[in-house]
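Letters A, B, C and D mark the chains as written, and numbering starts fresh at 1 in each.
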Amino acid sequence: MHKDNEKMKSEIIRRSGVNPSKCMRCGKCSGTCPAYDEMEYHPHQFVYMVESGDIEPLLSSESLYKCLSCFACVDRCPRGVEPAKLVEAVRLSVIRQQGANHLTANDIPEMLDPDLPQQAIVSAFRKYTK
Amino acid sequence: MQRIGVFVCWCGTNIAGTVDVAAVSEALKSEPGVVFSTNYQYMCSQAGQDIIKDAVKEHNLTGIVVCSCSPRMHEATFRKTAAAAGLNPYMVEIANIREQCSWVHKDMLTGTEKAIILGKAAVAKVNLNTPLTPGESPVTKRALVIGGGIAGIQTALDIADAGFPVDIVEKNPTIGGKMAQLDKTFPTLDCAACILTPKMVDVAQHENIRIFSYSEVEEIGGFVGNFDVKIKKKARFVKEDICTGCGACVEKCPMKKIPNEFNLGMDNRRAVYIPFAQAVPKVATIDPSACNMLKSGKCGICSKVCTAGAIDYKQKDELIEEKYGAIVVATGFNPISMDKFDEFAYNQSRDVITSLEFERLTNAAGPTQGKLLRPSDLEHPHTIVFVQCVGSRCDACAEKGKEYCSKICCMYTAKHAMLVRDKYPDTEVYVFYIDVRTPGKNFDEFYRRAVEEYGVRYIKGMVGKITPEGDKLKVQASDLLADKQLHIDADLVVLAAAIEPDKTARPLATMLTASMDTNDFFTEAHPKLRPVESPTAGVFLSGTCQGPKDIPETVSQASAAAAKVIGLLVKDKLTGNPCIASPNELMCNGCSSCERVCPYGAITYIDKEFPQPDRTVAVRRVAQVNPAVCQGCGACTVACMSGAMDLRGFMSSQIIAEVDAICK
Amino acid sequence: MKVSYFPGCTLKNKAVILDTYARKCAEVLGVTLEEIENWQCCGGVFTTSKDEVATKLSSVRALKYAQDRNQPLVSVCSACHNVIKQTNHAIQTDAEFSDKVNRYIAPESPYTGDTQVYHYLELLRDVVGFDKVKEKVVNPLGGRKIAPYYGCLLLRPNTVMQMDDPENPQIFEDLIRALGGEPVAYSMRNECCGGYVTMENPEFAKSKSKAVTDNATAFGAECIVTACPLCKYNLDKNGNSVPVVYFTELLAEALGVKEDETNA
Amino acid sequence: MQVNEYRPLIVAFCCNWCSYAGADLAGNNRLNYPADVKIIRVPCSCRVNPMFILRAFQRGADGVIICGCHPGDCHYTSGNYYTRRRMALLFSMLDYLGIERERTRLEWVSAAEGAKFAATMNDFAETVAALGENKRLEDLRCKK
């Protein structure tokens, strides 16, 4: 594995607390994922790509913002791999960089629906912004 | 003081090439106890052995040290020589100056020096040797087989055919086990009943076999060759010897809505029942939790219709005590509960079933007479999804499922899928798999046939969620090779549930002092070389109680266990290894440390009377080692805090003497 | 009995009725909800990354507040409960995180994760008891067919939430039975409604919510009950026309403290 | 005999079923290791009482090595697990007494690992030789 990839991999593993080598490639995470069709890289690919250090393509993928954080993959994984935590760790690698926020306050007004609960806005900010 | 003879072997040049054998025999002459020392070209040869025998007589030797090759090579030879010379064979010690000296050192000086030290250590040990005699115990020539499935049946038949009486204890009203519930068997597709039921009849008719059905083992005492077992024969409220199995009582019983265990609750039986047509013994059983007569005294119809007069509402549990020389465990398996896997909607829809339920559903004697109809509306299912590895191969930390591969699921699912496509070619069949594991004779060919000839659609991926809606089961799954999420509207879903050891296995293991792994499978004495023996002497393992297995493997193991049992029962007396633990009762403080570390359950405690100096008698709790069970590992000797426990042949004083000799 | 109560941002705004009825019903059931002074927004979602500290401080402050008063911490909103419970679990199991948090907040005595965290539903089940709730019912729901909707936040991740069997939960069902309703068993009750992604991608959220409501009505649901304002929003806006209510509304109705009912 | 060059005195306890057979195999394959190593045969590594090791040090041994079957392969199923626990305690006590940790070792050598046996003994003898004589635990009264 390339040194940079190795470094990025260990950073993601440390931050997420996930051990991707536990994966047995059953694909149950992708079988259960409600956002599967929205994603370019699917949960099982996230796990595999982190395991093999191929994280670069994930950084620029929209898939990071499609995960609903519903934790269905986490609870149903027979191997206890917790793919959603990997998605989150990779997403943080991106939005923690300067100017890399996926959502800014200026974007909000046009998205706003009068009935939208505050909870949605707060959550979206947590997920998309640093 | 011993009178020790030292015999240094040249082994041609093997030893003499690097060790000055004459110097060694000379040096050892002056060791304490040594009265004779010599060297010879080949000590193991007849001439060499004669030198030893002559020396024993001439010098009145009481102990022998042979400086030669490894004791793993010729210890037995020299022990026989000693015995032939009238000496106790355990008065011989070997100093390994070939494998562990001459062959690994190049320099004559250092080689000789080390050989002398090794010789001194052996002399020091022999000085403390005592004559040992192996213990003997009688053998009860009768075997007990616990569990009457195909494993128990095969073991019992093999032992009985060899001429020994065998008892089978089966907790259900009939023998037959899981195999009796199966439809066809892979990879040959012969019908399970056709090959099993003749064996069941053989068991019933064999003069050497007794069947205790509807019975459980209550208590086990004793040890190899001499087990005392109490068996509880549960009251079945039918006199077994009188009942003809005609079924008149079953027909007339008014309690018709009792879930039928044999068909896994997919249809009903009566309160009085015979599990299936070929049951052995073919005798009715009254279910006390369902029978009105037994619950409230109101009914009694079965008694009226029984022309043989076999019904006995007053029957009580019966306790049978019997002695056995060997015990075979064949307690089998069950599919795990699907309660924790409700993402597959097992509890929400009757059309989500386990593979064992599927077996009953396709069985001609099953609830649908073998027509494949789905349980909810008895319609023919047109799309069937099989899900593999449900609860198998899970992470150790996962809250549900088992860590191991259940081994049989890949093959029976291929069989199910093939049979469906064969009988109902209009049915779409999907199999979701993680890996297809088919190591076995004609297994992979069988799976390939399912795919290539029968058009079963194998998809690499896993089902993530099943949503019953209307009369469909919406299956959401991944197809990893196509990189797609699939949505299939299925009519029937079959879950390949992991298998686990029967729940009765753990309490039984406790009674037997046999060890189990964390999954409650029985542990074998050695994973490679003693796979059908439990570490507890006289206890043998047959079938899935030891690990997941298919039928051919189960039958092989069953016969292997039988061979081991026969090998034990043909002996009139058991000769033990004399190098076993023995406690010094005067030093034992009764702490039980040794009992806890013994892997064989060889140590027990008794209250024993000891005369005191003041002529009173004190009762103390002291350890006792069963010589027939102890294997001589020595774990207890180190655990013993008072130093009371020692190991014959490897006594602490002997080992310390060796240490001292080496460190001099 | 007195408990520390964490209402959360949405309950002060779009989901006022979730809050009001929770308070009223608690009174009837003999529980006093003491609102935490100066509580701060939980953040809506728990960031699972181990190196994320600042976003979890508000939860820790609330937990510490409850601990100082020796009270359990109760919230009604699924999101708040999820964030607070996961934060508490992180404090209990991740020593490095716990250390960092305590350095930030610098309380007089460090917070060590001792506060008992309850969702209001758990309070009803484990502290009050559903049999007690049943006793207090004055307007039974008359066998109304009600579909409980758990969503994700109440149940997952199960290793932390430990509320119920994550695939076959019964807590809502038992409450509905206690109130005289008939729970509808349907499989989508623990699938995602589309969550916060509804802001950015309403069409996608719609397909998720629709699947949930369709599955519920297919089994004859007359209404859907939930504990989460975002679930209610998504199901209301995107689902079919089946009414979606907060569980506290049903509870208030059955206990006879719902406004229009009490006036009637 | 050469007396000027220091050679360590090493006692090796080998279990009968794996390690002793491994040592025999090293011999069969003529794999050299120093003659400083003297092997004592025990039925199982769990027969090794910590007292034996202390005795060896007291009598002037410079290093003691215990060899058993690999975990899971014990002839008596669990003996080597007992050894592992007991030695963990003993080694930590020796450490406390100021005996260099390198003077004691626990190794798993199977009956097939003749090469490993020889390599282990070479390495251990070298390590102990580098440490020099065991002075701290040696009982001078035991010296002749």
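Here, a contact is a pair of C-beta atoms (placed from the backbone, for glycine too) under 8 Å apart; a residue touches a chain by one contact, two chains touch by 3 or more.
What you see is a predicted model, and the numbers here were worked out from it, not measured in a lab.
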Most distant chain from subunit B by Cα centroid: C
B-C or A-C, whichever has more C-beta pairs in contact: A-C
Centre distance in Å when subunit B and subunit C are each reduced to the mean of their C-alpha atoms: 51
Geometric centre distance via CA averages, subunit D-subunit C, whole Å: 62
Intercentroid distance (Cα basis), subunit C paired with subunit A, Å: 25
Contacts with two or more other chains, residues of subunit C listed in rising order: 158, 167, 191
Numbers and ranges of subunit A residues touching at least 2 other chains: 72
Junction residues of subunit D, two or more chains touched: none
For the subunit C and subunit A complex, residues of the former touching the latter: 8-10, 13-15, 41, 43-45, 47-52, 55, 77, 79, 151-152, 155-158, 166-167, 191-192, 194-201, 204, 208, 228-230, 232-233, 236-237
Interface residues, subunit D side, partner subunit B - complex: 1-2, 9, 11, 20-21, 23-24, 26-28, 30-33, 35, 38-44, 46-52, 55-56, 59-61, 72-73, 75-79, 82, 86, 118, 142, 144
List of subunit A residues in touch with subunit C within their complex: 14-17, 34-35, 38, 65-66, 68-72, 74-75, 82, 84-85, 88-89, 92, 103, 111, 113, 115-127
Subunit A contact footprint on subunit B (complex, rising order): 343, 389, 393-395, 397-398, 401, 434, 460-465, 476-478, 480, 483, 485
Subunit B-facing residues of subunit A, complex: 22, 24-33, 36-37, 42, 44-45, 72, 76-81
